[in-house]
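Paired with chain B in one complex and with chain C in the other, chain A is shared by the two complexes that follow.
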Partner chain A sequence: MALVNPSFIDEVKRSDEFNASACMNCGVCSAICPMGIELLPRKLFRYVLLGIGEKVLNNIEAIYSCLLCKMCEVNCPAKVHIAENVRSLRYVINKKVFKI
Partner chain B sequence: MTNRRIGVYICHCGGNISDYVDVDRVRGAIKDEAGVVVAKTAMFTCSDATQQEMVQDINEQKLDGLVVASCSPKLHLFTFREVAKRARLNPYQYTQVNIREQCSWTHTDDKEGATKKAVRLIRAGIARTNLTEPLDPIKIDTVPKVLVVGAGIAGLRAAIGLADLGMSVFLIEKSRDVGGWVKSFGKMYPHNKTGKKIIEQLVNEIKKRENITLFTNTELVEKSGSIGNFNIKIRVDDQNHNEINVNVGSIITATGFDSYRPETGEFGYGLNGVVTLPEFKELLDNSDGNLIYNGKEIKNIVYIYCVGSRQDSGVENAKRYCSRYCCNAAVHSSIVAFEKKPKIHQFHLFRDIRTYGKFELLYNRSREKGSVYLKYDENEPPTVETDLSGKLRVTVRDILTFGEEITVQADLVVLVTGMVPAKNDKLIDALKLPLGRDGFFNEIHPKLRPVETVVDGVFICGACQGPKNSSESVASALAAVTQSASILKKGYVELEPLIASVNPELCSWCDECVNSCPYSAIERGQYQGQEVAVVNKAVCKGCGGCAPLCPKDAINLKGYTDSQIRSMIDAFLKETF
Partner chain C sequence: MTLPTGDTIGILADNLKLRNSVLPISKENAIRWAKGLELPRGGETILYTGIMYQLIPYIAAMSKAQELIEDSWMANFVSVGRYVNKLINVSGFMAKPSESMQKSYNQILVNIALLLKEAGVNFGYLYEEELYSGALIYDLGVDDILKDHVHKVYNTFKKYKVKNVITVDPHTTNMLRSVYPAFIEGYDLYVKSYMEVLVERNLQPKNELTKEVVIHDSCVYARYENVLKEQRTLLNRAGVTVKEPADSGRFTLCCGGPAESLFPKKAIVNAKKRVDQIKNAANNGVTMCPICFVNLQKAANDEITIDDISNYLVQAYL
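Let's look at the complex of A and B:
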């Protein structure tokens, strides 16, 4: 069971860059990703939107293995700024976890 | 045997019929039937050329009966009635036999069988036609006045529309105020006007029109008469309980809906902080700036959709329909909530989002502003409970998060409740309007006759016929206006003469037929000092329900008399070839 933590949502969204609300869960991004990162970006964004911080922080390695190649982004039918989102999420993790 | 002169026309319908029915053999089989003097086949009987040929045959051969064996009368009944009229043949002396839907389309695997069936059907049609008599439509004078029941947005708009077409309108409303649900709505989509403002506007228009008489605190108690001339008794609930009789040509019912009230315990209803959608809208409209519930600031809202709609058929009195407007209303409310308080968190637990048409833009906007949508399976609905600290906890298995079980702590849970039929037993009884499976009033056909009912002259509009949003309600109100005006403006209506008639010589007023008639068309009358049954011509639908029940065989259905039916059965039973 996962508990929704609204303050985590606010933390990520504070950057204003993070925009995944248009995501309609189609899965094109995951299918196309050369890194084959199952989590990215569809599942990850869902966890972020719901503020399930623990699921996000358990998957730091996956989040950092994204190449920011934008293959997913150009193919996303909902025009989600996927790479930008990953970047802003890393920014939050850098501060929160790695304290940099 | 018969001295009738009947023309029979058998249609190929392109190949629609002739690919499976051997029309030439059929023609051969029926051409010598009693009464038949012309028997022809045609590529398309409905074409101008064949119609012209029929007119010519009727005149030259002095035909007094016409049989067209073609498609369904639903398609061309009126086409061939017109042909008969053009040739000065009484249109009720024509019979259409359906050998397309009933033969060629249904028996593509058996050409021989289809051909034989066509022969039998046409013979029956000829037999019936042999016994037809000329009939005239029933003409009824109409009163240019309309009664509108219910002064919500639909009723108000209908009254204005009718008044502008020159009708006198009696507008009656059961409650003290007009405006129905809409008067209490805040800003509405897409025009952003408040419901209150819209109703005020309509009421102003009503006041400007002298030919509208508005009664509040008033109910309809009795209806008699029929299309064009109804006698209505209304009761005004003032000190004297005044009863007033009015005389109108048609009735428009616009009695609206009720909001579903959840059972205690249904999705936590009854717990502190669990409210219905109308309650939430009220809270939104009454708060400027901060959103407060019971003295506490609201930071997290959870919506649960489809409460009281789309219920499992296993549930007692299940409301199985989608209420259609609640997705839109909830999504819109969430946007209003963001406007009041941008930092709020809103979680929507839905089964399917049904924000059709323009409302899809609202759905997008709601997500852009930060609403998160979680999809639950109807077999695993969310649960709502209070934890030890008194906080509401909503748990749901979210299909979009890959079946993860997710718990949200909420300050407020909004149950997105649907529309249920308004309680109107007295009115239903007085108007004799049938209800549909879901308990709303039933139109004759949702697409083709969307505001007409089985009771001629009684129309329905707005949410009393099923869930509708306000603009859909207004659209249907205007449809009812047009329908009413089109019958009343002419000053008369013409009704089908194919109805029941009682032979007063035979009737013994046992009242069997009275109880069998679903339209209450049979009344008590007098004949040579005796009590007998009398059919109200304007009310009878010609359904035939009464005729077989009469123990005295006193009832006949015009156009389908006992002797006609018997002759048809005999014709069916002949050898085909």
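Let's look at the complex of A and C:
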């Protein structure tokens, strides 16, 4: 069982730019990602929204492998700010895990 | 070996904080390209290199020096350790870049300066006071360290009463045009890439180039900064036939370069995919970003030619 922490979203959401909740889980981003990052962005964003911080922190490699190339974003039907959302996850990991 | 992500980011961020650059490069080498061009120091309009083209030969040298032992140039720094790196300037551990590579990357900057002069633009340069934009640290999400750095860069512009900044690469363009305003209240610089300036000035070719090239758009120019028309206009106007690879324009495929510092093996896989797409269109790929240039050139393995757009533009417009 994963631990749910409802305040995790507040730690990640630094501004209105973080709009993971707009995601309708259609899967276009995963299908199109040149890095083949199946998890990013939709599943990870869902984990954030559900407050399953542990799942986010277990996927550091996927989060830092993202090229921020916006190929997913330009094809996303819900205009999710995918690259900025990924950067927000990095910001939290840098602070929480890497203590930077 | 996979690099420890946290340590790598920590070292890059410390370098920016302590030495104003993710990788230390001597001031002398950063400004060497401008020798003989007699550009004034500072001014209302400046050419800002962001030290991107100058840094690539150093990264390439590090990467080559370690090919047999590790999979990334960053491994050298990580093995030194973050604590030691804070105390000692690790530039002493950097491999010496190849003279010819330095020369060709410096030449790109010379090309750009000459093209701007030809277009009648009056511009200066900040020489050793020019700072790196912080692009990699932004990408890695270390915003607190970046915040201090962007103010340092901005203050240097203010010291010289700069109003217009002409950039040479997409990452620096994006930082100065779209990222800095979010960090600096009252940000008032006008930022344009040199290609935008050349088109705006309606620069006309002197020679016709009857060549065929495949254009590789940088994802940052194409999807962040909407710089898509200018590169095509400049090449078409010069008589060049511009071919498009399978994924192009707004839907361009990333060269993989942004993965280079943390996951170099992933970077090369992506670059190879892109080289295949270019190869299917024609034999000459043209780039407009130093990261795309080095990454695709490495992956092309001499099977096809990859060259910076400025090397074509000087043949036509000077």
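FYI, the second predicted complex is superposed on the first by the 97 of 100 C-alpha atoms of A that agree within 3 Å, B and C clash if a C-alpha of one lies under 4 Å from a C-alpha of the other, contacts with A are read in each partner's own complex, and residues count from 1 in each chain.
Assume contacts are C-beta pairs under 8 Å (C-beta built on N, C-alpha and C of every residue); 3 or more make two chains touch, one makes a residue touch a chain.
Small disclaimer: the values here were computed from a predicted structure and weren't measured.
In the three-chain model built by superposing on chain A, chain B fits alongside chain C with no clash. In the superposition on chain A, A:49 contacts chain B only, with no contact to chain C. In the superposed model, A:4 makes contact with chain B only, not with chain C.
Taking chain A as the reference, the larger set of touched residues comes from C, when chain B and chain C are compared.
Of the two partner chains placed by the overlay, only chain B lies in contact with A:22; chain C stays clear of it.
Applying the stated contact rule after C-alpha superposition, one finds that A:13 touches chain B and leaves chain C untouched.
For the pair chain B and chain C, the least inter-chain C-alpha distance in the overlaid model is 22 Å. Shared interface residues of chain A (contacting chain B in one complex, chain C in the other): none. Within the complex formed with chain B, the chain A residues making contact are 1-4, 6, 9-10, 13, 21-22, 25, 43, 46-47, 49-50, 52.
The part of chain B that touches chain A in the complex is made up of residues 299-300, 343, 345, 347, 364, 367-368, 370-372, 374, 395, 398, 400-402, 404-409.
Per the touch definition, chain C reaches chain A in the complex via residues 2, 5-6, 9-10, 13, 138-143, 145, 219, 223-224, 250-251, 253-254, 256-259, 262-263, 266, 270, 273. Within the complex formed with chain C, the chain A residues making contact are 34-35, 60-61, 64-65, 67-71, 73-75, 87-91, 93-94, 97-100.
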